[in-house]
Structure formats: structure tokens, C-alpha cells
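One chain, chain A, links the two complexes that follow: it is found with chain B in the first and with chain C in the second.
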Partner chain A sequence: MAGAYYDIDDILAAQERVPCVLQVDLDGLGSAGSGGASKVHRNARWALPLWMADGLNEEDFVAMEAPPVFSRRAARMYAASPESIQLRAVSQHFYQLGLQLGDMVPDVPHVLRSMYTQRVQRIARIAQQGHNVETLDFVQSLDRTEAELLRLCQRAQGAIAAWQQGRAYALRRAPAIQ
Partner chain B sequence: MLGDEAFRLAKEARDITAGHIPAYNEEQVRLVTQETRYLWARREEMNDRLRVAESQGMTSQLQSQALLGGGGSSSSQVAAKTAAADGGSQTQYENDNGQAKLYGLTVRRNKRCLLAYHQRRMGFVRGLLWSVHLAPSLVPAELLQRLSPEEQGFAREYARLNAAYRDAVEEQLCPADSLDWTASGELPPRDLFVEVRVVRDCGEIVTESGVVNLQPGTQHYLRRSDVEHLLTIGYLEHINPT
Partner chain C sequence: MATSEAQQEGFTMPELEYLAQCEDVTIVPLHRMERLELVRGAVGPFRPPQKTQVPLWLAVMLKRANRCRIVAPAWLGADHLRALCREEDAPDALFTRLPPHYLEIAHALLAVAEDDLADAQAVRRLLQDLRETRQTKTREGLKLLNSLQLQMDNLSAAEINEIRPLFGRSFDMLRRLDALAATAADRAHRGSQLGPADDSQYADDADDDDFAYAR
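And then the complex of A and B:
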């Protein structure tokens, strides 16, 4: 279909908040139920979802800043120990968000690449050797993209075994039917 | 915040897998379409107001240009800003501009979430149909209930269209035989006959070699095409595949 428009990961990642400084007064930025009292005034700092911030930033209605997830300090922390970072806690959509921010923050591609190349090796190892109590922490720290990657690798491993044991051609129940 | 309702739909879309679909959230869809229509109406109102302000600004600008006899910025927005008698209406003008833009962004975001939600559900229904060999009657009622009436209608219509197409092709290609193109394309069938164990009581079925009684716990060696639908819905289990 039409590429990223329908991509649910793209949509979810664009909801991540980035800090902004408003250049005009805006209504509708409060949380649900605050009704008419939700006007935020110019020069206030407010965290807006990326889809909103990007559009408003283009016409200078806000001044968008890099999210703390990709600040310089954060980048240093990532570089220090990529494999032990609780990426899921940092952001469920770490890589997707970084991709969407791309142009805005200069170092982001580099940060993403080094994080990914380090962690992906461990993911592949876990898929091959199975995971146990020791790897539980790491597996729980994966963000959405990495978790999907792990699932794919594990499925591939399973498929190899199934084929070797002659189970590959078994007629199966349709997955949606219980 | 604006767009939160639509995000809820996006999260429900995320939860759709090959094996599971949540019930169609009609209420949430209604909320989002309602919000969208409301915002669009407000945005149109604001744009009208802004256009009036700009043209008034233009008029004042032209008047002041005539007085000063000089050239000036041609932007009507700048004219509106500079022609404002007090800072208040200039501020209001900027606010309205920003607000209108925000409403427009939200409308587009809502639309995107709505489309993605429905498209993913449709993808699930399509996959489900192919996995039951385009026989909607094989889908358990409990699963059908989670689909909206439109989605159920889509399922029936999709199966019907496929059947019509297949019939047309058969007529041209092989009038004496029947084609089964719902057989898995990725795993071509290996055997004509399969060994199966009965998981749930299927009663009696008619095969080419006569009537077979499929009692739970029994094993049979049957023609694949006769029992494939029962394997699909899990009543039979395929054992010792090669």
C-alpha cells in the first residue's frame, strides 16, 4: 500500500512528545476533561506530540526542540553501554522516533546506528541460543522495533527445526480460529 | 489533548495480530469522526475570519500606501499585522492562524488514524478468509461478532467475488474439473492422502470412498481435499506429515 502512511509503527512513534516553546496562544493542548481551561499561552514550554510539533514548527507557531531522548547527554550515556540500556523505558519507539526526527537533530543517525549494531548482535544470539533468566532483563528492555526483530529471528529458528523434523508441511488450523 | 481519541484507535490497531482482533470499536470511531467534523467546521470559521482580517488589512495598507505614495510589502498578512490599530487584534490574528493550523493538523491526524485502523482490520479479515479457504461459513460466530456489520458484509462479498472469478476461469480453462486456488501457495500439497486424528466430533462425512464416521480420538487416512476444511478449523489434527 502507500508506504509509511498506513504503517502503524510510524503512527505510534509520531505520538511521542517533544518539548516546544509556543509562539502563539493555543487551545486544546490540555488533557481530556479540562474543557475550556486548556489554553496554553505563548512563550510557555509544552511537550507536544511529534506530528503536532512538526506541523506547527514549519510555520513558526512553535519552536520545536530536540527531545531529551536524543540530547547530547543521553547520547553519551548510550555510547557508554548500549547493551545495558533499558531502551523500552527510554522510549518504546526509540528507533522509529529517531528516524522521524532525522534532519532535526544532527547526531541522531549516528546514535541510532551504534545503538542498533551493538544490540542487534545480542538479539540474534538470544534467538539462536534461546533465552533464560540471565537474558530476561535484556529482552524486557527491547523497544518495539527490536522486539519485533527478536520475534522474527525466533520464528526463523523455529522454521528451520520444523523443516528438519518434517513438520513444515503439516496442515494447520487457521491462526485466528481458536 | 487534540488527537488523543484517534491515538486510542491507533493503539487498538496495533493490537491486531494474525491470530487476534479486538472487537470493532464503533464508539471510538464515532468519537473521532465527531471530533474531526467539529474541528473542521471551527477551522472553516476561523479561516473566514482570518480572510476578512487580511482583506481589511490590505485595504488599510493600500490606503496608507496611497497617502505615503510608496511601495510596501505585498504580503496581505504583513498588512493585516501592521494595519492593526492595537496589538490586541494582531495577537488575536496570530493566535487564530496558529489555532486554525492546529485544527487542520489534528483533522489530518484523525483521518490517518481512522484509515490505518480500518485498513489493518480489513487486512486481518482478508487473511482470515484465505486461511479458511474463502468459506466464511467456517468462521466461528464468536469471531464474526467482533467484526462490524460492514466488515462481515465485506467478507461475504470478497468470498463471492473470488468464487465468481474462479468459476469464470474454470469455464475457460478446465470445464470438466474444479480449481482449488485457496490451497496454500507457500506450501504446495505434498500428499493426496493425509493421516488425521479427530480432536472434536465431526459426525459423518462423505468421501469418495464412502461415508466415514469421525469420532474423537480416532485416526483416519483420508483424501486431503475431503478433510482440509476440518483441519482448518481445528476439528482434525494432521499427524505424521512428511
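And then the complex of A and C:
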């Protein structure tokens, strides 16, 4: 698991749950898992947040599995129509999550890469031409990384026009001397 | 953080305009004036009707005081711009050659020295056309996005600034995904019984690749 220590999106992405298989018997921790029993047996399945799962995985308490959003079936879906996937519904931190556990599933980096390249071009188009009813679906499907990118691009695109119309200056006449 | 978000992502337009003020333009002084010792070097002496090179900010100041006439740069002529527009519009054409601060210089000259430009209205319109064509082309250029480089020659400072966040962010993401793909492939190669690879190690490898390419 690699992440930037201070990156808030990285931290939030580590909250996403991943399926784990318990490797040991645990006494008195039934309330933490799915069952209500006081003892949890090995091979029970738990969905743990990534930050916890990663640590426990290293210590061999659990075996971490790839979450369903990175399964082969999902990957085929992403490859088929990258622009119509509702990424926000899949995960708010889709790419960050992919970056953190992508090396668990060999194909994921390639799938993410081609998906990202295609979606970024659509984002660039929207930033330049402004968005309308047709692009609404796409804009709403962006995950946080992409939404942030779109926002920055729109701001940068507007900068030249705003400056040409004289709206770009930080200094203004104070109301008192107007 | 003390800087605004717009400043963190690159230059703001007023900053670029400020930088453009140091570009030289040619003027014809209307009054005699001695040499001016400026921090960047001396300009003048001004002997009408001898042409002199001065920085843009000084030209604008003198023009406002009605002490000079600004000689429009060759690229700001309507005919030249028309030719550039045609060239720019041609299929598969690269970006045409323009000064790196052409938008800012044109903006300043059109604001204060409209009377010194032949056919200022046409120039204004042609500049707008040119910019729109170039903008479309920039977008086409982004289709070639990869994690190593993006080449668009003759893009001006303001135009680079316009795509900076998009390019910077996506470049970063692609680079990280590539590094990840490399580790994943590496691990598959070595067999899955090995532990996770050292993170810092693959980050270094990726940097080396970029560097080698840049050289």
C-alpha cells in the first residue's frame, strides 16, 4: 500500500472496505464481524477498511482479496465503455483506491490507465466548451479525482477570457474612494 | 497557505501580463529625451524620428503621455495574421510561430495604441480567430497524452498556462499508474510468494525512465 501521507484523498480512499478472509480463530470479537456469536472462526469473511486490512494482512491475521470493483468482470465493463461508467457510484475515490491496491490484481493498472486517458479527454472537452444537458450525466459520474481536475481546468480555461474582459485583477478601488 | 489556489496551479493572467511588460517593442519618440538608466539597462537616447527599442511598459507609459508612437510588431499586422490564420487552419499543421507573450502584448497594444495599428478592428478579430483555432488544436493535441511527454511547439505562455492543470494532474496520475503496472508485472514475474515490493524502489525507477527520456 503506497500513499501520500498528507493527501486527504489518499486517506479517505483507505476507508474503502475490502473483503478479507479471517486466518485465525478470534475469541470474543463476534460483534466486530457479521455474526453475533462471541467467537469468530477462521475462514469467516469480513469487509474491513483498507488501512486496517492492509496491516492485518501483513501480520497474516487475514487474507486480503480484491474488492468487487476491481474484479475481472468489472474490468471488462470499464474497458467496454469507459465514458458511461458511473464512477462516483462505484467509489468516490476510485483512482486513489486503485493506486493503493492496484498491484494486487495484475490487470488493474492497465484498465485504469486506458479508462483515465479516455475520460480525461472528455473532461478537457467539457472544460473548453462548457457543459450542457448532454454532458450532465458524465459530469455527475466523475469520481473525486476527476471532479477536482474538471474544476481546475474550468478555472484555467476561464482565466484568459476573464483577463481580456478586465476581470482578472486582484486590486480594486476601495468603496470609500469611489 | 498564503497563495491563492489559482497561483498554486501556475501563473495568473496578471502575472503573465507583468512578465510580458519586459518584452521589447519599437517606438518612434515624438520628443527629444536623454538616455534613461533603468535597472535592466539603459534605453535611449530618444531623438525623433529615430526608432528605439524600449520595454513594453515604458512604451505604454510614453504613449499614454503622448510622447511616442509605437511601431506595431510585424506579426501584429492584419495581413500577417491573416496568413497565420490560414496556415493554422491547414489540416495537420503545427502551431504557427508567434512570440511567447503574443496575447499579452497584443492586448496591451490594442488597449493604448490602437491608432498606431493599421486596421485594429481586423487585428482584433483575427487574433480571436487565431486563438480559437489554436485552442481546438490544443485539445486535439491532448489526445496524445501519455506518461512521458507532450509536445506542442510554439504554444504561448498563456496557452500553456491554460492547459497546465489538466496536463500536470493527468501526467502525474498516468505516471503513478505506470509505476503501479510495472510493480504488478514485476511481481507476477517473480511469483506471488514474494512480499510487496519496496515502494520507494519503484518510484525511483519511474523517475529514471522519465529522466532518460528527457535527455
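The rule is short, and it goes like this: the second predicted complex is superposed on the first by the 150 of 178 C-alpha atoms of A that agree within 3 Å, B and C clash if a C-alpha of one lies under 4 Å from a C-alpha of the other, contacts with A are read in each partner's own complex, and residues count from 1 in each chain.
Keep this in mind: a residue touches a chain if its C-beta (ideal position, glycine included) is under 8 Å from a C-beta of that chain, and two chains touch if they have at least 3 such contacts.
Treat the numbers as computed from the prediction; the structure is a model and nothing was measured.
> Go through the superposed model and pick first if A:Q157 touches only chain B, second if only chain C, both, or neither.
second
> In the superposed arrangement, does A:I11 touch chain B (first), chain C (second), both or neither?
first
> Kindly classify A:F61 by the partners it touches after superposition: chain B alone (first), chain C alone (second), both, or neither?
Touch status of A:F61: first partner only.
> Tell me which partner A:V24 touches in the superposition: chain B (first), chain C (second), both or neither.
In the superposed model, A:V24 contacts chain B only, not chain C.
> Which of the two partners, first being chain B and second being chain C, lies in contact with A:A89: first, second, both, or neither?
Touch partners of A:A89: none, neither chain B nor chain C.
> With both complexes superposed on chain A, which partner does A:P109 reach: first (chain B), second (chain C), both or neither?
second
> Looking at the overlay, does A:A176 come into contact with chain B only (first), chain C only (second), both, or neither?
So A:A176 only meets chain B here.
> Residue overlap on chain A between the chain B contact set and the chain C contact set?
1, 168-170
> If we count contacts the way the header does, which residues on chain B are in touch with chain A in the complex?
Chain B residues touching chain A: 1-4, 7, 10-11, 13-14, 18-21, 91, 94-95, 97-99, 101-103, 105-106, 109, 112-113, 115-116, 119-120, 124, 127-128, 131-132, 138-140, 142-143, 187, 190, 194, 224, 228, 231-234, 238, 241-242.
> Could you list, by residue number, the parts of chain C that touch chain A in their complex?
Residues of chain C touching chain A: 5-6, 9-10, 12-14, 17, 103, 107, 131, 135, 139, 142-143, 145, 158, 161-166, 169-170, 173-174, 176-178, 180-181, 183-185, 187-188, 196-197, 199.
> Show me the residue ranges of chain A that touch chain B in the complex, using the header's touch definition.
Residue list for chain A touching chain B: 1, 5-8, 11-12, 15, 23-32, 49, 51-52, 55-56, 59, 61, 166-178.
> What part of chain A is in contact with chain C in the complex they form?
Of all residues in chain A, those touching chain C are 1-2, 95, 98-99, 102-103, 105-106, 108-110, 112-113, 116-117, 120-121, 123-125, 127-128, 145, 148-149, 152-153, 155-157, 159-160, 162-164, 168-170.
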